[in-house]
Structures are given as C-alpha cells and as structure tokens.
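Two complexes follow with chain A in common, the first pairing it with chain B and the second with chain C.
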Partner chain A sequence: MTTIVIIDTLLLLLVTATAIAIIEVRSLYASAMLTSVYSLLMALVWVNMHSMDVAFTEAAVGGGISTILLIGTLVHLPREEKKLKKRLHAPAAITCALAGAALIYGTLDMPNFGDPMAPIHHYRVPEMMSQTVGFINQTKGKQPAPEGFDPYAYRTFNGAVQGIPKDPTDTAWRETSIIAQRGIMVPQVLTPGHEPHHEAGHHLHPPDDFNGHIPNSVTSLLAGYRGYDTMFETTVIFTAGVSLIMLLRRPRREGEAQKSAPMTDQVILRVVTKMSIPFILLFGLYVITHGELGPGGGFQGGVVLACGFILFALVFGRPALYRVLPPRVTDVLTGVGVLIYSGTGAACLFFGGKFLDYSALNAASPGEGEALGMTLVEYGVGITVSMVMLTIFNQLAEEQSK
Partner chain B sequence: MAWNEIVCTIFLALGCVVTLTGSVGLVRMPDFYARLHTAGKTDSLAQLLILFGLVFVTPGPVDEIGGWLIRVKLLMVGMILIIAAPTATHAITKAAHLSGLKPWTKTDPGGEPK
Partner chain C sequence: MTASVLGIYNYWIYVLLMMIGLYGVIAKPNLIKQAIALGLFQTGIFLYYISMAVIDGGTAPVWTTIQDGAQKFEGPYDNPLPHVLILTAIVVSVSVLAVALALIINIKRRYGTIEADEIDEIDQADRLAEYAAGQAFDAADEAEAEAQPAIRAAAAAAAHAGHAHPGSHV
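So, the complex of A and B:
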C-alpha cells in the first residue's frame, strides 16, 4: 500500500462519515456546516489525486460560497428539520442499493489510479503535451509534435500495435520511449487491450483542433478545446442570476430606509476585515489572471472576488456595499462578463479564425494569441460569476431584512 | 538525513503534538468556550509550525528565485492563518456570548443558552 492509497482511504472514510452525519443531523445549521466540511474533504481528495484545479474549485465553490449562500437561505427557514418517523422504505432502499451496485460495477472497467497505460495517457494527453506553447528549442509559440510522435499511429484500431508490454509492472519500455528522450509524455502506443478509446466520433477530431497551447492544460481544455461548453456554462450562470433578480427583486418603495446591521461595536472584526479585503480582491484577480499558468481560473477567482464583497457587506452592512457597488452596476457587469466571452469569440472571427479560435488573435505568434484569448475569456467568466454570486447574496439578505 | 529534513521533522512533530493536545482538550473540556479555547489556540500554532517546517523541505535551490517562490508563498499562508484563525475564533465566541451562552463554572454547571 502506498502513502497515497492510505491517505485516500482515510479521507474517503471521513467523507463517508460526514455524509452520514449530514443525513442524520437534525439542526439545519449543523447540516450546512457539515456540507462545507464535506467539500473541503473532497478538495483534499482531489489534491491527493494531483488535480489542483478541481480541488481549487471544490474548496472555493463548495467550501466557500455555497456555505455562505446556504446559511443565507437558512435565515428564512426554521432551525430544525421536521421530525420524521424513522422507518425503512423498502423500494427506496432497494433502488439505492441497485444504483450503488451498478456504479461499483461501472468502476471495475476504469483503469487503476495512476496507471500509465490508462487510455487518457495514450490518447488526448500525449497529443496535448506534444503541442506545447512557450519556448522549446528557442522556438516560440505553438510547437509541432516531436519527432517520432505520430498522432495517427493509434488511430488505426486494428489491434496490431506494439510498444507497451502487457505486464503492467514492466516499465522498461518507458526508458526507450519519447518520455525519457524528450522529457514529455508521449508513450509508444499500443498493444491489444491497451488501445485508446475507439468510439466513433471521439478520435475523429483533427489534431489541430486540440488547443493545448498554454501551460495549464486544464485551462487549455476548458477555454480552448471545450470553449463552447464553458461559454454556455457562463451563460447558464448568467441566466440563473437574471432569473433570481426577476423572481426575488421587488421595486423598493421610495423613502423606505434599508434596515442594516453594521457591526459598529465589533472592533476586531472591522479592523481585520478592512485589512484583509484588499488582499482577498488581489488574490481573486491573481487567480483569474494566473489561470493560464497554474491552478485557477475564472470560476474560482470570481468566487473569491464575490467572497471579498460579501465579507464587506457582512461586517459593514449592505448600504456600505451598495455605495461601493450599486445593484445597477452588478446587474450590468453580470451581462458584461458573458459579453466579453462571446466578444472574444467574435473577435477571433473578425481576425480571420474560427469562433473562439484564439490563435487568430495574434497571427505572428499563435501561442501568444491563445494566451491572450484565454485570459480575456477567464476575465469574462470571473466577472459574471462574481457578480451573480453577489446578486444572490444581496437578494437573500434583502429578503431577510424585510 | 540532511539537516533541513531533521529541522522539518522537528517542526512537524511539534505541530502534531500541539494538534493532539488541542484534540484532547476538545474532547475533555466541559463547555463550548473552553473547547474553543483549546481548539483555536492550538490550531493556530500547529498550522504555523507545520507550514514553517515545510518551508525547509521545499524543493528548489536556495540561491534561486524559483525555490523561494514556494517558500515565501508558504510563509504568506502562515501570515494569513495567524490573522484569520484567531479572528474566526473571536467571532464565534462573541456570537455565542451575544446569543446568551453562559460559560461553565463549578457552581453552575449548566452552560445552556437561555
């Protein structure tokens, strides 16, 4: 047993215990806090798997903002859950057991954790790794695939491929592969039984379609390869914000003073908040900007920005927040974020590329165009996410001060 | 074992011992305030000790900026924790006090909110 497996087992036991506690606990506040604990534990699991972007999102969204919003919602609800008569509901229990068994059966087909022969390491990732941006051999921008890497080699799925031995403990093949020689992960594919995904439509993307040209492969996937997905995710968040405004916002009567509870007597909280808010906002902007280089991006950074504003509102009162960011401004900025995203795509069209093909933004150096386009897109996502989160918080708070 | 690993191990062990005392206190203390007292203080110190220990084993050469980037980031996390953790403890305690939770005493072992 490796250390990773031991840590994973302990973490998953804690996750299970937390999940059971969430179900069992009667107090809704305790339940909300346990949900936050659950998210943080899951973030640790992701860290253990080295998927930092997912961990960051889980910690920021699951552990941070959704706890705040849940507690904001709980203000309108009773403190305790309704008492239910506990008795076993047989059909539900059977359905749950069957679904669980099906899921476990499904995982049997998945490759082992960290298996170098997992399909993902043979297929998309090598292609992405083979086209990196930056400086390799003093050349800048999008790099051609290295010598000896044939992206079409494992696109012929006749099963007659060689290179990787069948025995997973035999790792000698890696020494002779391009991994060792080039310092990048391009395995020599393929043995029967180790062939990559061969579903129709999955392997038919031209290699050029894969915009793996910026250092953080996750952002590259998110904003380049899956750029449309991310754009519509942002649109979904925008739609959620707009629907919330339409459902909850009521026209404020003229002259009606906003009831507020600024914590004037809480000197320590006021001082610490005043001190830390610039750093929270700076960190949020850093996370958004740094998304193309490391873990982070628009979603996480936007949530961090929103948390900064919410902290300000909690300690200094909502009227103070409205002086800094009036609802009119947040409403407009919600749309501006989506506009920046789709505008970047349109700009790519304007420069002669495809929609959201960022490399068209800088014809001289496509890699830099990619980096610029993705940074712009991340800012669009960040602005929309932070403003929608702030709107949700404001609406919840407005409701409770009535 | 290099000297930096020994220093790191000492700091990590100290951090673990402090966390353990905090956990014991959390279980054994009689009421909310006393539990928060043990948990808050020991957590702040233990996190600081562990982060400080990790600074010593961060990969990267000492005379280059690349190694120091992570070390300085770890120390910044420590700085944030040393401000944020006691503030959070203070906020929780104050909220409990304002909502009327009486501290435990030997003569009045109730301590329930009224």
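So, the complex of A and C:
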C-alpha cells in the first residue's frame, strides 16, 4: 500500500505540473504535445491504481488519437494564442478557489484511499456482479437479488460474519472490525444457504471454478450488467462521427486533385510503417477479441485499429487510404458496429432471453453464451469506434488540404 | 493525521485538476485552449472515480488462475465498476473533443479568428452594423411615410386636374 501511495504522490505532482503548463503555455502546438505527455502520465497513474483497462484506453485515446486530432486542427489555425493583457484572470481565479475549497471541504468526509470498508465496495456492485457473471449450468444472466440478500452483511475471509451499521455516522466499527486490523480479509456479501461464489462478492473473491467464466470483470460489467449503457455510449460515438461529417464534409468535385503531403520520399518512415502496420492491426484485433479474457476490449482495440489506418494515411497520403478504405465503406461501417451491438441484443430476445441477456445464446451452457455475446458486442463497439475515429481524422485532414 | 492526509490526497489532486481545467475554460479566450481545458476538467473527474475503486492490498480486477496448479490470487480485487464508467467516458471525451474541433474550424471559417473576445467584438460590430442599417431603413421608411400626404395630395391634384380638364373642355 505504501508503495502505491508514494508512486501515486510523485506521479500526481507531475500530472498537476503538466496541467498547469498546458494551460499557461502560449504556443498551441506545445499545449497539444503536453496533453500527450499528460495522458501518458495519467495512464501510469491508472496502472498504479490497478485500473488496466482505463490505462489502456487513456494511452491509446489521450496519448494517441486526441493529440493527432489537435495537431491536425492546428495546422490551419493560428499557432499561438493571443497575448493577454493580464497574466491572471482574477474573477476566474476567485471562482475556482471558492469552488475548489468547497469540494475539498467535501472530501474531508470521504473514506480513506484504499479503505476496503468504503461504501462503494459494498452496495450495489456485489449484486451487479452476481447478476452479470455466468457459470456453466448455473447462473442465468440478470436476475433480481436473491432472497435474503443483505447488503449490510459481509463475510470476512476466515468466515466470521460482520455487519456494517446502517447509521452512516457510526464509525466505531472501523476500529473494532477485523477489517481495521488489516489482516487477510475479503469482504463478501453473505447470502444464507449458498456458496459465496455462486451469489455475490465475486469482484472481491475469485470463484473456485473458472470454467465458462469471464475473467475480466471489467468487460463482464461493461457488456453485461451495464450493457444498455455501453450500447448508448457506442451510439454517442456514432453520433460524433455523423456530426463531424455534417459539419465538415463538402461535396467533392469531379477530377479535383487532392492535395496531400505524403512522406513517401522518406525511405525509413515508409519501410518502418509498412512493416509495423500489419502488427498494429493484428494487435487491435487481438485486443478486441480478448476483451473478456484480459485488459482490453472494443474501445481500446478500435482505437488501436484506427491508429494503424491513420499512420498509413500520414505516411502515404489520404488518397492512398481512400483506395484501401473508401469513405463510403467507413461511413457504412460506423453504423454496422452499432447494428451488431443491438442485433446481438435482439438475438438474445429471439432465443428467449431478455434484451442483451447473452446467456440465452447458448441454452446448454449459459457461461459460454455470455462469452460469445460479449465477444460479438465487443466487435460491434470496436468497428464503430475505429471507423468513427478514422472518419474524424479524415474530415479534419480533408479540411486542412483545402 | 498524516495517515488521513495521505488517505485523501488523491481527492485533493482531483479537485486541483478540475479547478485548473475550470480556470482554463473561464480565463482563456482561445477556443482550442478551452477545449483542452475541458479535457483536463474531465480527467480530474476520472481520477476521482478511479481513486474510489482502489482496495488496500488489492489488484486489477482480472481473475487470474492456473487451472490445474494451485496458483491463484485469493483477492481482494479492486472494484471494477468505476473502471467501466471511466473507460467509456474517456472514449466519449475524445468524441467531444472532435466535435469541438469541427465547430472551431467552422468558427474560424466564419469569423477568421478563434479568440472568443475577438469573436464577440465581430459579433458586436455586426450587430451595430445591422442596427445602423435598420436605422437607415427606418429613416427611409419614415421619410416616405412623412412624404405620403404630400404625394397623395399631389396625386389627387393630378387626378383632379385630369378630371377637371375634360370638364373645362366641355
């Protein structure tokens, strides 16, 4: 724990310094490059806090795509911001100081960093996990909480039953509970009459039987319990792609030669790009496919795929990219991804389950049905994300070549 | 006391990052800077969520095991729910950035600048010009309205003269 806190402290100091530099530096190019640095530092912070999926996304999105988009936009904008008369904007500084003081006052009531007894670990999440995770021949997707489910009760690792007081002002239990003694403990929601791993608290204690089980609980929550949410997040990204097309696309005149600045005369760049693109694409597909087995998934894999295509466009020029992937194809594929997602949900309905209840896909083995459904959904997300990112890049770059 | 300060240190940094972002959005007139500052604000919130997910002595919420061997981490695992929320939020934040950039490009096309205060000045000048044009139009209108009786009288006189003429002829 102490190592986490020490690394965390140092990293967050660096992050804060970078954030101040991003705001204060006048050159917009420097600001854009610093956002890349900031995102990579943030990715390290996420890894330090064991949040691998988020770190992956941050590194791919923040360090990669958003910097490319910013620089692509800055090409045809003024490179420096206007010189301000006053260095410090007093009303803004006062507003921020007041709001910050109020928020810091609010944090004084927060549970300590890493406190296993923090309410977030005990309400809702164990129940969500119990309804998400599918076992072979056992749990059947989403169901209401089991009878006798008491979110205030938990079982320590040595089997003792403890309770969290319902009165939030009662903090005496912190000192008396086994948790406070920092022994080997695993809080688990206690459900009478059931083996613990069949019902609840999965995220805190691994089940003994991993067959037909989704190892990456982030993905199983993402595509399972929060399936609706993720579906509409995908729709949001789709909408962003559509709005970029509507805001920036102009009808292309026939025979209009597209200006572009391909770096084809750079031999080293060309050769290295040609060699690395297949591996980038393969890695993207791997990340999407293995989303339910390890860190990664449709969002991260989609961004990695898009990066492969963008690298190709940067080195060989966009006309070459349009020969490989015409805009018409990318436009259609953005919608196809969302369709795959909602189509998987509809297929679950067709097989007699609820919408997005993947366990219905395989009646003989609900666990395998879950894995299948999650993989399909991840592919839907991956296709939409990669094609939208590519569309955004193409539109911003098309603008600059005029 | 030290333990508790370390215990909520992360939450203070989240406030700091959010406020740096908010300051940028309010104080900087440059629209690109504002879009970037909005991103900083968002990462502050991400930090808040992920900090809550950490459990003392925990590890990443990916259940590792070796099927036949005895090697298995018995937990605890970090809370996966905030990870799920933030994972999607990051991708949505890049979509927000992209739409903002597209709008900024359109603004540059229309106004020729991306500084918010200059855009305000141009808008103000446009409004003044519009107002002046409106005033001129109104003045012309009024002049016409004022001239109406005279015009009507002249027309009536002409008509009368026209009527009178044949009469006088007879």
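Following the convention adopted for this analysis, the second predicted complex is superposed on the first by the 303 of 402 C-alpha atoms of A that agree within 3 Å, B and C clash if a C-alpha of one lies under 4 Å from a C-alpha of the other, contacts with A are read in each partner's own complex, and residues count from 1 in each chain.
The working rule: a residue touches a chain if its C-beta (ideal position, glycine included) is under 8 Å from a C-beta of that chain, and two chains touch if they have at least 3 such contacts.
What you are looking at is a predicted structure, and each value in this text was computed from that prediction instead of being measured.
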Inset, instruction - Give one word, clash or fit, describing how chain B and chain C relate on chain A after superposing. - result: fit
Inset, instruction - State whether A:328 touches chain B only (first), chain C only (second), both chains, or neither. - result: neither
Inset, instruction - Would you check which partner chain A:65 touches, where first means chain B only, second means chain C only, and both and neither mean what they say? - result: second
Inset, instruction - Look at A:8 in the shared chain and tell me whether it touches chain B only, chain C only, both, or neither; answer first, second, both or neither. - result: second
Legend entry - Which superposed partner A:250 touches (first chain B, second chain C, both, neither): neither
Legend entry - chain B versus chain C as contact partner of A:83, first or second or both or neither: neither
Inset, instruction - Could you tell me if A:294 is touching chain B, chain C, both of them or neither one (first, second, both, neither)? - result: second
Legend entry - Which of chain B and chain C A:20 touches, first, second, both or neither: second
Inset, instruction - Would you please give the vertex angle at the Cα centre of chain A, with arms pointing to the Cα centres of chain B and chain C, as a multiple of 10°? - result: 100
Inset, instruction - Counting touched residues of chain A, say whether chain B or chain C comes out ahead. - result: C
Inset, instruction - Rounded to the nearest Å, state the minimum C-alpha distance from chain B to chain C in the superposed three-chain model. - result: 8
Inset, instruction - Please give the residue numbers of chain A that touch chain B in the complex, ascending. - result: 266, 268-269, 272, 275-276, 279
Legend entry - Interfacial residue positions of chain C with respect to chain A in the complex: 3-4, 6-13, 15-24, 26-30, 32-33, 36-37, 39-40, 43, 46-47, 50-65, 67, 72-84, 86-88, 90-99, 101-106, 108, 113-115, 118
Inset, instruction - Under the touch definition given earlier, write down the residues of chain A that touch chain C in their complex. - result: 1, 4-5, 8-9, 12, 15-16, 19-20, 22-23, 28, 31-32, 35, 38, 42, 45-46, 49-54, 57-58, 61-62, 65-66, 69-70, 73-74, 76-78, 81-82, 84, 88-89, 91-93, 95-97, 99-100, 103-104, 107-108, 110, 112-116, 118, 120-121, 124-125, 128-129, 157, 182, 184-187, 203-207, 210, 213, 215-218, 221-222, 226, 229-230, 233, 236-237, 239-241, 243-244, 247-248, 294-295, 297, 299, 303, 385, 388-389, 392, 395-396, 399
Legend entry - Residues of chain B defined as touching chain A within the complex: 80, 83-84, 87, 90-91, 94
